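Here the chain labels run A, B, C, D and E in written order, and each chain numbers its own residues starting at 1.
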Amino acid sequence: MTALWWLIAIVLIATAVWTISASKPVYSVVALLAHFLALAVSYIMLSAEFLGVIQIVIYVGAILVLFVFVIALLSSGVASFSVGPNRMKKGVWPAGIAVAVAFGLMTWKLAGVVASPKVGGSLSTVPGTAGAFGSVADFGKALFTTYLLPFEITAFVLMVAVIGVILLAGDRSVHDPSPKRAALVRREMREAILRGGEE
Amino acid sequence: MHYPLLLAIWLLPLAGAILCWFLGPQLKGAAGWLACAMLGLSFVATMLSWSSGTQHVAGHEGAHQLLGSWLPGFDFGLLLDPLSLIWATIITGVGFLIHLYSVGYMHGDRAFARFFAYMNFFVFAMLTLVLSDNFIGLLVGWGLVGLASYFLIGFWFDRPSAVAAARKAFVINVVGDVGIMLAIFILFANLHSLSFADVFAGVGSLSTGTLLAVCAFLFVGAAAKSAQVPLHTWLPDAMEGPTPVSALIHAATMVTAGVYLIARCAPLWSHSSGAQLLVGTIGGLTALAGAILGTAQWDIKRILAYSTMSQIGYMIMGVGVGAYQGGVAHFFTHAFFKAQLFLASGLVIHALANEQDVRRMGGLAKKLPFAFVAMGTGVLAICGIPPFSGFFSKDQVIYGTLAHGHPWLYAVGILTAGITAYYMCRLLFVTFFGEYRGDVDPSYLGIRHPELAGTAAHEAAPSTHDHAPAWIMSVPVGILIVPTITIGFLMAGGDRSWWSRFFAAQFPAGHVPATAISELQTTLIVLAVVVAGIGIAVWRYATRTAQDDAVERLRAESVHMPAILSNAFYFDAALDMLFVRSSQLLGTFFGRTLDPQVIDGAVREAAWSAGKLGTIVRWFQTGLLRTYAFLIVVGAACFIAYYALAGGMH
Amino acid sequence: MLLWMLILLPAIAGGLCYLIPSDDERIVKMFGILVAVATIVLAVVTRNAEVSARWLSRPFEANFHFGATPISFWIVLLLTISTASAVLATKGPRQRGLIALLLLLEASMLAVFLARDLLVFALGWDLMLIPVFFCLVQWSEHAQTAWRYFLYNFAGGLTLLLATAAFGMHVGTTDVIGRSDVHVIGSWAPWILAGFAFAFLVKTPVWPLHTWMPATYTDLPPPMVAVVSAVQSKAGLYGFIAIGMAFLPDYMKQYAGIFIVLGAISLLYGALVALMQTDAKRVVAYSSLSHLGLIVVAVFAFNAVALQGAVVYIVAHGLFSAAIFLLLGYVEEREATRSLLQLGGLGADNPRLAGALCIAALAALGLPGLAGFVGEIVIVTGIFQAGMVWPAIVALVAIVLAAAYVVRLFQGLMNGPGVPDLPVRRDLTWIEGLAVAPLLAALVVVGIDPKPLLSFDTSAYAVSAHGAPVASARISR
Amino acid sequence: MSGALPVAIGNYLGLSTAIFFIGVAGVLLRRNPLVMLMSIELMWNAANLLFLAYARVWLNNAGHIFAFLVITVAAAEAAIGLAIIVTVFRTRANVDVDEVHALRG
Amino acid sequence: MNPTPFGHADWAAIVPPAIICLAALLVLFVDLVSRECVNRYVAISIGLLGALAAAWITVGQYGHNYSAFAGGFVTGGFTSVFEGIVLIALAGSLILYGAIGRDDRIAGAVALMMWSAAGAMLMAGAANLMTIFLGLELLSLALYCLCGLSDRPGAKESALKYLILSSTASGFLLFGMAMLFGASGSVMLADLVNPALLATPLFWFGGGFFLIGLAFKLSLVPFHSWAPDVYEGAPLPVTAFMSVATKAGTLAVFARFLYAALPNGSGHTLMLPIWVVAGISMIVGNVGMLAQHDLKRLLGYSGIAQAGYILTSLAGATALGLRYAIYYLAAYTLMNLGAFAVAAALSTDGEEGSLLVNYRGLARRRPVLAAAMTLFLLALAGMPPTAGFLGKILILASSVNAGYAWMAGLLILGTAISLYAYAKVIRAMYEPHSVATHDARPVTPLAWLSLTVCAVVVVAMTFYPITPSDVLPLVK
């Protein structure tokens, strides 16, 4: 188990890095797919098999597909994912340092948390038993009893998503860039091409 | 102790002033008569109060009227005692005559009523000054006479020179006011009261230094008001005012307020030998300086102005060293003869259509015999020729300096007497003897700016308008001749004179040591010097040869006048440089540079910095999503760093 | 009840001015005058009245508690009279707005001076900035002026707010003005004092916080500047007396040196600058700096006599500065300039104008017999008695300078040869005269008999009757 | 499946923190809005991993519920996010967030 | 076995947000059955009626303390007050749609805004991390869409920026929640009150990440930079709503966390960074206002500073501080809505009335609107006679009392800076020289009503300062 865990961990890190560093968005999607799959495995290892399944169904089956659609949609444009000039070049190093420092400090401090903390959670209020922990039944029962309210709210969250997307996508009026702005865009594009397509 | 008649003496002129001011357009010519009437009534009331003013009741002298109080220590009242009685008599009496004279002199002036409003107001103010029983009231009067003087000097306010002279007089007088204020503060801080009675009773508790300071500051006020060196420069300029004003304010009454102040505060001075020395010295210097400068003037009124300054120097010297009776006596006689001199000069000026330069006069004795007589008696009086009034009073002062142990001042007094005789006779001879020079080209006479000669045709323009009856101007002058000649006999007779007895309670005669030179010898010495002075004047201006080439001689004298004399010892320039220019420079620097550029500049700088901060904030607001994300992450990193360090400290 | 009316009447009337449907501005003016006169009557009638309504009970007690104190009554009277004068003196096409702003300003300042509660005082303090700001926005030619005024004074208002909050938390109530048993002590107290003092110094103003003032006084229309210089500038001084001396005397004394030095600098600085200004209004503005500096020194002398003098001088300065600004407004309206270099000789054709200006100017230079003199002499006597020789001497030097610049101002306008190319002149109309007459009359009355103003009980303030300041022995709450 | 954790909980913490910050770095460094959105998904999933790990530690299925809710919300958010990205970029030449900076200052 | 352990009282607790959610559905339904598209006034009216009904219930719940859904949602004074503020924000913003926005999108926009409000209301009552998260996301997701629902240039951009940045911040929040869960083993806020938690860094980082997420929503510096851009780009009613509802909801969570969920003695150490960034926000927000040309952007910066003011009151976590924070929040809601209402009244079909250049000489053209705007700006600046003034006093008093005098000092400094920006607008309106601009449409009666209510209440609150007295006992 431990070896598997480490393998999964390495896969997770690697695919995460791949996701953010892939040169094309499609590769990122593929990396993310791998990441999610590995994540699902690790969920199952944590006795959360239902979540593992959900992870695959929703993320891989729904969200990533959406991403692919959008990539396809936007790629049909003039120049697919051509990148303009980097307007924040100077920010790269400070950003990297900030992230590294934050991460370093956190790991340094959290390294002390090796085992489960010996502080009392109110376990008595937790529904379900150790034997059934993580099962669909256990999960479902909690979801429809104790956590009924959050579940109801998600209904409206999804409703918002549906209505919002309909309104946004159903927007017939296409914002025309002003001629001046279009010229600017063209110029920037030319510059990018002349520089030999950085990134 | 109430004496309501005092209120009448005091307030009648004020009523006249208010009536003339507000009803001026309706009263027209009657304003003059109204003012005279008010003042006349006041004079009558003064005369009726004579007995009350000299009474002794319960250890207090004179009549007293309580007015009111502001605060504990700030109580007001009126007091009529021999000293104020003398002043009130002169103010209302001589004032009345000069008012009468003015009815003729100012006839036809378009601000006729306003003139009398000011004049009456002045009398009111002067009465406030001398009748007050406390320092605050005195200060009130002190300030108000300065104001009246300001108005009257600048009476013809469309004339820039008059405006400037008025301003100068006013500001210097405020310097004097401030001096008195300082003295008041010291007195109040030490004695918690400002009434004369309390202060003089408590004088023993003051230290020598404090007393000297009080006297010195009081004297600053006296010097400013009474044109003592170096605060005298306004007085000659003040001659810009109409001649009756010069007679009343700048000769007879207001300028002697300093004398009054010192005489009033005699208990202070008596306790401070330092103050006596200081004031006596300044008085002597002023007497000498005024006399010397009097020899170098050509304007008839300026000659009289310097002579006034010089004579007041005598008075101040007298009261300063402790010869109070002498100083006051000289004030008394001087009020008559100097008023007469001014009024006589006014007759001349009036007759010559405002010509004031004596070089353009000459031979007027035939044309204006009455004026000549008036001027002549006045000159004799001021020279101290017996039996004219000046003889008695001046001798008292000169001898008083010696008697109180100031031989140098004694010498100065005698010398000044000679010079006085010289320049007053010079005035008389040049004006009235010889041939009339009014038709001589001014440049032949050495007049440097002929176009500025005299004070131009603003004064009343008498020749064009219908003349008032001549007697209105002549009668007052005629009346004044009588006291000019006779009043000195009140002082005749040393300690047994009426004058001495009158003031016996006011100025208790201290122990006067025997002097090396007796009073009689002094009289003779002074007379000799005076005769010498007259002799020189006769030699220079009145001999036949001198009169024949008068034009030539006057021009030579004008051209060769030493610069130090024609610039009046550079007092004006020095004061201007020291105080006026420096204040103006500072004011300009503060107003033009420090205020807008440094102080406000700093504020603007701060505001600009805030604006600059605004641009910094906007600079971070690049519009780029990743910048914002970057800011968030940096903020988060700071949070994390904080919690990493702070989170473990438990 | 009448006291509520006194405060609310001008506030409501100010709003109503905008709503009067008539296009005839004279009706608005009549309305304004009626209201202003009514406030005078109410102010006199309610001299001893007090009203109170609960505002806050937590975090500290605060009430809408109003009522004149022996000191503030005179300032309120000054305020109502000068507002009436100012309303009477309004002219021109935009009268309506000006009258409305004047009434609103009056209401807010009534709240300041009648407040017996510190928080109400602070409320009124901020409120009274707004009408002046609007006036500057609408009347001033210079954009900077309104900013200077508002930002300086608002900064002061904020520190006042902070100090008030701290005071309230410390003492537990802000319903304290007029009480003499509340003393704030402790480590906070100096900071509370600092907050108050900054606000008061800006408002007065005192060097070097004064640079908003000349521009503001110059740019405001004359009726408004009359009220602002007469009354609004007194809010700081009143604050020092009613708040600083009453509640923080120990710290006031401890830091008195700073304030005395600033006051003395203002005294001399203002006088020197006024000496060389060519804009008539600026002369008066800087003279205000000088005069009010004297009052600051007087307050910090901690001497009963000086304090009484300060109250007289507060009123006196209000009267003569209001009168001078109104009269200068008349001059400017007639001649379309207020430069001393261009004006001159007006006295010949305008004797009434000249006479009125003369009285006001003489009061400003401290002529005996007028109110200014009483204030000056009593103040400086008190300062001297308190042992402060140098400030007293500075004050005296400033008096000499005052004589010089006031005479320069008066002569520059009224004397000298007439300037031919000035527009046709017209002497004061009776309504213009009526506007300044009460001010001038009050100057004379106070100058002759200031006893009512002087006779308040100074024992509520930690002042010494004689000599040097005494340390306060009373302890907080 | 109620065995012990495969590794110490600290490892989970480290892992999820690392994934979280990789996501943060992605948001910061990438200019393609789609990749940014994916990076955000990484961050959210890192949180989910932690929820589940601690649910196991505490034997509290609240963590499961929470993770489920997060997945649901993430789906909604991704849908809206993609819709917005499409509306913003479908008329632009470059799919690059640096191009979108009309609002600033 | 009862399928759900919750009874009538539990459902009653969530009636207010439920009414709003269902009313939003009703709007959509009416739109569906309408022949073309629903009349905008019908949609707004349904929304307002829903808000009114919810408000009525909310008032009824005031004082009735009940912990519903196993601690998922609590009712009582605290919740009711915040719900009320959100409802006011909702109503005030819905009215603005009367003049702005395309007819064919109005139903969707109204519905989204109402769901968003429901999210904020859920946050007000949320007592466990799940409800907090879901309320926040409901609020935010609807707002992303609302921001993009406009043809104005910038609207889409603001939606994009808001989405990316807010999701990132949600990531921090979520990660923080996960760590808090890890530390305490519970999603209940109440379970965080355990001093033993202080020993684990997990709690500190969890709390920190949680606070980062909240700080973003409160737009505190340096998490503020989205606010000006999004406020400017979003349609005017959305900006109005977002400026107050987001703050109200987030502050409710923040206050509950601060007052009810902290182990004893950790308050100062844990919260210090928040107080610091609140202090910085007061300066930066006000400085940022100085050179703005658009009212919405100006108010965006203003909101940054105002959030700092409110937090100043909470610093030290005193009972009075919470009351004054609520007082100021309510006042801020009204004055902000009022200012936006004036801007809406000046809008035309093509252009929103938020460009400051349009305000020059407004006093001549529309004196009443100018006066109202002046009042609201003065209130924002903290000048009397408005609730802003008293609110500042109360905040100062509470922070000085709590020992956070330095925050009071920063507040004073920031206010001084802000004055210039507000006064600049006032000045422009009252300039004697008017600039001729487009003529705005007449103000609708409903908008007049809302303007009047805002103005009257903003003034009246100064003199009758009602601060909810029994909030604190109910916060837990």
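Points to keep in mind about this one:
Everything that follows uses one rule, which is that a residue touches a chain if its C-beta (ideal position, glycine included) is under 8 Å from a C-beta of that chain, and two chains touch if they have at least 3 such contacts.
Quick caveat: nothing in here was measured; it's all calculated off a predicted structure.
Note on connectivity: the fewest chain-to-chain touch steps from chain B to chain C number 1. Here the largest set of C-beta contact pairs joins the chains A-D.
Look at the CA centroids: the one farthest from the centroid of chain A belongs to B. Chain C and chain E have centres, each the mean of its CA atoms, that are 43 Å apart. Taking each chain's centre as the mean of its C-alpha atoms, chain C lies 65 Å from chain D. Distance from the chain B centre to the chain D centre is 97 Å, each centre being the mean of its Cα atoms. Chain A and chain E, compared by their mean Cα positions, are separated by 28 Å.
Multi-chain contact residues of chain A, defined as those touching 2 or more other chains: 87-88, 91, 95, 99, 102, 106, 109-110, 112-113, 121, 123, 146-147, 150, 154, 157, 160-161, 164-165, 168, 171, 175. The residues of chain B that reach two or more other chains are 607, 618, 621-627, 629-630, 633-634, 636, 640, 643-644, 647-648, listed in rising order. Of all residues in chain E, those touching 2 or more other chains are 130, 134, 137, 141, 144-145, 148, 153, 156, 159-161, 164, 168, 172, 182, 185-186, 199, 201-202, 205, 228-229, 291, 420, listed in ascending order.
Contact between chains, using the touch rule, shows up for A-B, A-D, A-E, B-C, B-D, B-E, C-E, D-E.
Of all the residues in chain D, the ones that touch chain A in their complex are 1-3, 5-11, 13-15, 17-19, 21-26, 28-32, 34-35, 37-39, 41-42, 45, 48-49, 52-53, 55-62, 64-65, 67-69, 71-80, 82-87, 89-96, 98-99, 101.
By the touch criterion stated above, chain E contacts chain D in their complex at residues 129-130, 133-134, 137, 141, 144-145, 148, 153-154, 156-161, 163-164, 167-168, 170-172, 174-175, 177-179, 181-182, 185-187, 202, 228-230, 232-233, 291-292, 297. On the side of chain C, the complex with chain B involves touching residues 147-148, 151-152, 207-208, 210-211, 214, 269, 272-277, 286, 305, 308, 345, 347-348, 351, 355, 362, 365-369, 373-374, 377-378, 380-381, 384-385, 387, 392-393, 396-397, 399-401, 403-404, 407-408, 411, 414-418, 449-451, 454, 466-467. Against chain D, the residues of chain B that register as touching in their complex are 618, 621-626, 629-630, 633.
Within the complex, the chain B residues that touch chain E are 607, 610-611, 613-618, 620-621, 623, 625, 627-629, 631-632, 634-636, 638-640, 642-644, 646-650.
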